[in-house]
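Each of the two complexes below includes chain A, the first together with chain B, the second together with chain C.
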Partner chain A sequence: MKLLTSNFLKCSVKACDNSNENFPLRYDANCQLQQDESIDCNPEFLINILERVDWNALVQVASDLGNKSLPPQKPELSPGDDLTDDDLAIIRDMHSLLIQTSIVEGQMSCRNCGHVYYIKNGIPNLLLPPHLA
Partner chain B sequence: MLPTPYIKCDYETVYEPCEDSFLLLDGLEQEQSFLQTRFRNQLAIVCELGPGSGIVTTFLMQNDIPHGNGSIYLALDISPWALEATQDAQRRNDCQNRYLSVIQSDLTKCLRQNSTDLLVFNPPYVPAEQVPDRPSSNENDKSQWLDLALLGGEDGMVITRQVLDQLDTILSQQGVAYILFCARNKPEQVAESMRQQGWKVDLIINRKAGWEVLSIYRFIRQ
Partner chain C sequence: MMSKKYLVYMAHVNVNFRRAELESLADLCGLDIDFSTYNEESPFFVVDLPDDTQASKWIKRSVLSKAIYEYWGEGKNLEELHESIKSQPFHEHYKQLYRQDSFKFEFETYRGSAKANRVEQIETFVYLGFQGKIDMKKPDQIYAIVEEYKPVSDNVGSTVPEKMFFGRLVQRSDRHAMEVYDLKKRPYKGTTSFEAELSLASANIAQVKPGSIMYDPFAGTGSFLSAGGHYGALVIGSDIDGRMIRGKGAAHNISSNFKYYGDSIQFLDVLTMDFTHNALRSNLKIDTILCDPPYGIREGIKVLGAKDPEKYIGKEEVEIHGKKSYLHRDYIPAKKPYSLDNLLDDLLQYASEGLAIGGRLAFWMPTANDENVETVIPLHSCLELKYNCVQEFHKWSRRLLVYENKGPDFKGEDNTGIKRAVSNFRDRYFANFNK
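Now for the complex of A and B:
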């Protein structure tokens, strides 16, 4: 799963919906990552993503996975239609992190109930065992 | 007419594209400009529940619905075979450069609330005594996975009902849902009860398919 997908996944346990700890999930530091350089950067797409992304959740997940370099505040692009070199640098960084980086194998858990979910072959499994479903 | 994706997978485990799938493609094609206008210049989170072979999500990716510069496609299925087929459909139809994540999930339980902009659902709508249990393993009883894609319990509505009951927490403020029904689901009654709960519900397309009548309704907030 691409890293950006972590911005949309919460714990499947219904009771955890009443907690603020069910999103984002906590990613295991041993998750195996893959970088796919063949995906081209589409700046307009990235600008749209940046606007929508839950930055705090992203910072947390990146940090879980060992990337502590994200700024605490969401980077802002310069106003106006023209992209500056700084803007392009931000967009390229985001592209590399959110789109080119995938979690191939590993696990993640709910910060509220602790339930562990697995990622295998790049596919996250958020199904619950029958007694929790 | 927009192109239809090329699909090839094991139809003993994954639902083979049929009249209902094609009706969904036609309905979404018809809705193309509505969706484009609604999500212009913003990111659209597209979520298909139960993609099966992947034909619908691939069709959306292939034709840039809702729009080209900003759709993230999430395909959620309980069946691992369907997820595999959906990824395969993406590859076969040269949509590798689109953002697709397949996720094994029971409906939308794992999705952050109010994040879905476009929800598409061809549910297990066939009336049956009950909704089958999830098979305990991937390999055994392959046909059981297929049953899950078809059988919808009483009135064929047990699973669809779960989604409708959660629609308010699934969809974003701007969100739109397209859900397919057969006549035995009593869709007009369902639509009316959703209208009473504050939804704007419109029949966008219907068609006689063999001995059943299929229809697709669009749900948005009033």
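Now for the complex of A and C:
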């Protein structure tokens, strides 16, 4: 499960939709991470994706996983069509973090109801037991 | 506005889907095309377009077309064709434009093959006065004679064409992607995998855009994810059946398919998730939803929950090794049967909330052919039904339904909650559609 996906996932339990605590999920510090350098960076693609990223949630998840180095604000690219060296550096960092980093094994839980979801072989399981479905 | 005449040459298959694909791609390119002369029966469509760039952009992604040509003329036979070419107002202008370019001639034939001597035929075009050299490998220009034949009978073809077009090739289509995405060559596939041609055409009709987000809530082995990735979307899939999306090891799963196609950057993730208990955050705007819902032939329709709830009363308190059983890593939650009507209602409702305005929902729905009742198409007040393309099989058919999210102000017809399916499709299918 790519780190970008953590930015899209909330708790599956419908009742938690009424709380502000169901997104992002809380990631266990012992999650096993993997870096896939073989995925090439496509700046245009990444700029599109970056627009959809909820930055506060990303900072929180990165912090759960032990990376406290993200700036508090979403990095902004320079105006205009041409990408500066600074822009490219940001894009490369974001590519490395969002696309190349994935969680292979581990668990995450809802900060509202506490339900635990597992990630196995890189695939998150968001199914629910009958009493929560 | 200046415009030029072009000839679109289409594949004569899946004819019910061709116009939907051409219209959807035109809309995607911002092209306003007059379809009044479009004829479902013919593989040819002569059309006015602003320029080659627009023509190329339009057809480049098409799977159900073969190519688009700059139109030079047409006739019932070679003599008429030459007369037609010479009489066109743009004839002299075109001749001058490409005079010095290297070139070659190609023949395209529809429903027949010629006995005529092709070299002799090419020589009859000498009046065009091309000065460039003939280059069979990398010519600057390719000229095509496109012929239509009418077979004598089902078994006997014709050798004399009844219609001929002449044009200069502007753009070949994306039809070769069918070979690339052919299921036979795909590393990971299953019984529910969807054929390449119509999954790619579905992605075109659904207007999958580069850099957008596409979601398949019934991903299975990822056929539609592959098609969406091919057209540049970031794709995410989910399925309640974890076995399907896990695949069979690292070399045979959905991710390995993306690696095989060189589209790895397009693939986000697949989630083991019940679509009706969705974990995608609700303010994430999705651009396209494209899927083939489980209609119960190979996979019964299931959602989370207990079929017999009484049996599960108190089960949430059961502990194993001091931990609630449902919090264990290998816990397998109960699933219960669900109806196709309800599932499609949920899908439309989800699309109305999750899709960006203008975004499309496209899904496949099966129907039996022999029922003497009208097929009821699911409708939602926020969604405009754009297309209903039918693919006929012997005793049943399936249709691609395509909707555009217009938002709450659209106030369209709505049939949510009514019983649409007359009988269970799965039961009918296994009974071979005998009552």
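As a working rule, the second predicted complex is superposed on the first by the 133 of 133 C-alpha atoms of A that agree within 3 Å, B and C clash if a C-alpha of one lies under 4 Å from a C-alpha of the other, contacts with A are read in each partner's own complex, and residues count from 1 in each chain.
Throughout what follows, a residue touches a chain if its C-beta (ideal position, glycine included) is under 8 Å from a C-beta of that chain, and two chains touch if they have at least 3 such contacts.
All values derive from a computational prediction rather than experimental measurement.
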Three-chain arrangement built on chain A, chain B and chain C clash or fit: clash
Which superposed partner A:Lys10 touches (first chain B, second chain C, both, neither): both
Which of chain B and chain C A:Ser78 touches, first, second, both or neither: neither
Of chain C and chain B, partner touching more chain A residues: C
Touched partner set for A:Asn56, first chain B, second chain C, both or neither: neither
Partner chain in contact with A:Asn48 - chain B first, chain C second, else both or neither: both
Chain B versus chain C as contact partner of A:Gln32, first or second or both or neither: neither
Overlap of chain C and chain B interfaces on chain A (superposed complexes): 1-2, 4-5, 8-12, 14, 17, 23, 39-40, 42, 44-45, 48-49, 52, 54, 99, 123-128, 130, 133
Parts of chain C lying in touch with chain A, wherever the complex brings them together: 210-213, 232, 234, 236, 238, 240, 242, 245-246, 255, 264-265, 268-274, 277-282, 284-285, 303-306, 309, 312, 315-316, 326-327, 329, 331, 333-334
Interfacial residue positions of chain A with respect to chain C in the complex: 1-2, 4-5, 8-14, 17, 23, 38-42, 44-45, 48-49, 52, 54, 99, 107, 115-116, 118, 120-131, 133
Chain B to chain A touching residues, read off their complex: 41-43, 45, 69-70, 72, 74, 78, 80, 83, 97, 99, 101-106, 109-113, 115, 134
Residues of chain A that touch chain B when the two form their complex: 1-2, 4-5, 7-12, 14, 17, 23, 39-40, 42, 44-45, 48-49, 51-52, 54, 99, 123-128, 130, 133
